[in-house]
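What follows are several structures.
Both complexes shown next keep chain A, but they swap its partner, so chain B is in the first and chain C is in the second.
What follows is the complex of A and B.
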């Protein structure tokens, strides 16, 4: 079960705005997704060590060294830029 | 009135010294044009994959070993989710319940006694970008902000202490000691001005003699040793005032302003922190075996505190001199190198603490970048001890060596600085000086010993500092039967 409170909290954390009808709808939809995933709880996992990755793999590293990237291309998609910086709207209002 | 006990824990963020970032090959160089050291990984472009920089791991293990931590065999990275314009991915890659190091300590000298400060953990994480607020000097009045992602994903270790610190002075000493160690190990350059070391303090008060922790506040933006001490003093005073009047402390984050020496509550509209940590599926777990740890253990240098003690017990240096000679790795190594060439510990310490450090300060230089070498200093000290040069000339020589990097023997030869030990030449100079100062001669004849200093000074002047003052003294005593 996902409560409407959960949905409101999640919406705030995700910076999304929903009206009352949407909140109710998402509570229902998310609830059924969670219920579906709950099917996994039926699997016996007592003998399985918790894992942080989908496949058994560890220790993938790179050596410390600089490889320059053409950084100008990264600013192409910036909605707004000023000088060489990404420009963002006011962060905190008074 | 209730007596309050102060309880402080520090979180220190240290930038790990590397060429490239934590998860991509962008440069970590400070001070470049905004957004020139960025790539799809550190700007959070969809599909970009982070790969861990092995050097960061090695340096985190080094720091853990030096601070008596357990190095955890199994490590994971986790995503800490929150929205802020300096965080392009919408999450920071950090470590949560599987950090690299746990449960260590650091012994800190405060007022002549040793305090053991526990370390809860040391974990690796990436830095955020830099925001420059426009239209105001702070975020609240700003019209908009500019984002520079050069710093995004620069490697950090966060060193979290236990709430073992009991005063602002102890907090400062702990921070200084940690800064000395990370520099000594080459884990971090310790440059506070460039933000390589930053500190947040968790502060609470409780009635003396009780165990339960009081409500804490977190003071942020402590970017100098002085700030750590001053901000904590302010916060202790603020909390004491509230509690003495029967009030309660609100758990909050406060921002320290160095210019005004005040703290201000950071009321954020953000809900209570809810970071929804989970293992980062883009990064694979890390397994550190015993062999890896011992390999690093073997490269661990003698630490400053151990060396400080050794200099006192084995070399007979004073506490002050031993401290000065271990203030940083370059001084320590310079001292050791000069020592190995046969100079006396006390002599080296005197010169490094005196004329050399004065010259370096005046020229905004350091031992690492100046032209003086341990070999040159050792040679100069040898010439001084065996009487080839006088103390006065030695001072002049050190300046020249620092300035030009010329070998002292070359300088002595080229500039004719060798001390005059030739008795004939010295006696001749004394005769001239005496003939020029009949009044002084009368005084000496009358047994006025204090006049001797004047005559010695005149002879030294005439010889441009090269006459051996001991010989001048000896000769004058003979001439006037003084003792």
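What follows is the complex of A and C.
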């Protein structure tokens, strides 16, 4: 069971905002998806190691080096900019 | 036969032997695109000028007598979650509306080097989350076999581009079946290589431990030639593996003697009697040609879908945290604080399915639920992998239907997420195990194509393509004319 309160909490954690109808709908959807997922508990897994990846992968190391990138190219995607910076609304209150 | 109906390898031969120019070929596909797009909607962005300038460069090489590389001069379409420098790349999401990548994905650099003219960017489910391409924020793509039906997804645009003769080749990505399922629905060959085989640098991340780039083509031979170009180690992708270069076409045309193919009982349980009959006939036909089929049990496969719908959203919720309205083009208007700007940009920029997955992922990763859901799913993932390992001790290849049904109607499953997720029940296990798989067309049900999924051992694509090629010629499936 996923309550509407759970959905509101998840929305806050996810930086999403929903109206009441959406909250109710997501509570219902997530409820049925997690009900389905409960089937996993039928499988005993106490002695099984979790897999984060399917293929064994080792960490790759390299020298830390600066690769120059044209700042103007990156700033093409800035909704707002000031000089060579991405501009955002005020973060701290006065 | 018109140029657009010819397979990629044949087009390349014609260009190489100066019977047609790459410009002729590229113009023929662009003409088809402009002719059928009003009814198919496979493309989000067309790059006619780029395609023609790339084609002209190939033609100049030909006129100077310079040798051409494999598939050089043959045009290709690209899924819109692969970064193309200065060309819109949206993942079919509002939150990337107007985003112009500052660099090319490694795959795009490869295709440019290899001289495959890029026709445009194809429609998809938003952030590759979906099974019908209906979650695209921009348009609905239609199945060329029946325009009332979905093309499958998430790489629906790329599947339709090939099925509708808009491109002889296309690129997709496959996280839970997003190449194989639309290939099945659209009647073409869709390959998901082994995880780590093809660089993911510049592929916009959905679920990083599952995502893999692959291809659509009209036949297995074209698929093998294209994999020769795509495969390779990339220092920019730490999960791409440094393997020895190999020729994936080397086993084509020499049928494997004593071929043993495994059929997992679990994959044949969920079929309607009519669909089951289609596959029973197929298996009987192939048996008569000397292929030995062995029924197997892969008990943990029954839990693959539930495992996937925990792991993939968990990784997605983390990957999609970067979209905050600051750096990638889209920002909600009229907000007064940064917190509000982030919340409004995400709420307006993401569609309903993406939000659903962010919520699922956030839930299963939150303290108190992490062990019960996420860690549990990771353990079941280990069991699924082990089931495949055991099966491959007995057989060379595992086969199954690609999907339980043919393409469904537009709108039919959009109100029931779980019902939609079930259309990937046959394709998801392979991503969890990281193995290579492909779908080849094998027959019609209600005048819509059905796919035959072949699954191989890790890094055994050459064998997989050999067997697919052998079965393809026995099945003798025609295209969508």
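Going forward, the second predicted complex is superposed on the first by the 84 of 94 C-alpha atoms of A that agree within 3 Å, B and C clash if a C-alpha of one lies under 4 Å from a C-alpha of the other, contacts with A are read in each partner's own complex, and residues count from 1 in each chain.
FYI, a contact is a pair of C-beta atoms (placed from the backbone, for glycine too) under 8 Å apart; a residue touches a chain by one contact, two chains touch by 3 or more.
Values in this document were obtained by computation on a predicted structure and should not be read as measured data.
A.B. asks: Give the label of whichever partner, chain B or chain C, reaches more residues of chain A.
C.D. replies: After superposition, C is the partner touching more of chain A.
A.B. asks: Looking at the overlay, what does A:16 touch: chain B (first), chain C (second), both, or neither?
C.D. replies: second
A.B. asks: If you stack the two complexes on chain A, which partner ends up touching A:30: first (chain B), second (chain C), both, or neither?
C.D. replies: Only chain C is touched by A:30; chain B is not.
A.B. asks: Between chain B and chain C, whom does A:82 touch in the aligned arrangement: first, second, both, or neither?
C.D. replies: The answer is first: A:82 touches chain B but not chain C.
A.B. asks: State whether A:65 touches chain B only (first), chain C only (second), both chains, or neither.
C.D. replies: A:65: touches chain B, not chain C.
A.B. asks: Report for A:54: first if it touches chain B alone, second if chain C alone, otherwise both or neither.
C.D. replies: Touch status of A:54: both partners.
A.B. asks: Once chain A of both complexes is superposed, is A:74 in touch with chain B (first), chain C (second), both, or neither?
C.D. replies: Both chain B and chain C are touched by A:74.
A.B. asks: Once the structures are superposed on A, label A:90 by its partner contacts, choosing first (chain B), second (chain C), both or neither.
C.D. replies: In the superposition, A:90 contacts both chain B and chain C.
A.B. asks: What is the shared patch of chain A, the residues that chain B and chain C both contact?
C.D. replies: 13, 15, 51-54, 57, 59-60, 62, 69, 74, 86, 88-91
A.B. asks: What does chain A use to touch chain C in their complex?
C.D. replies: So the residues of chain A touching chain C come out as 2, 6-7, 10-11, 13-18, 26, 29-30, 32-34, 36-37, 39-43, 45, 48-55, 57, 59-60, 62, 69-70, 73-74, 76-80, 86, 88-91.
A.B. asks: Using the touch rule from the top, collect the residues of chain C that touch chain A in their complex.
C.D. replies: So the residues of chain C touching chain A come out as 98-100, 102, 194-196, 209, 235, 238-239, 241, 300, 302-303, 305-307, 309-310, 317, 324-331, 335-338, 340-344, 346-347, 350, 355-356, 358-360, 362-363, 366, 373, 375-383, 385, 417-418, 421, 431-435, 458.
A.B. asks: How about chain A: which of its residues touch chain B in the complex?
C.D. replies: Answer in residue numbers: 9, 12-13, 15, 51-54, 57-69, 71, 74-75, 82-92, 94.
A.B. asks: Can you tell me which positions in chain B touch chain A when the two form their complex?
C.D. replies: Residues 18-20, 25-27, 33-40, 43, 45, 51-57, 76, 81, 83-85, 98, 131-133, 139-149, 268-269, 271, 274, 276, 279, 281, 283-287 of chain B touch chain A in their complex.
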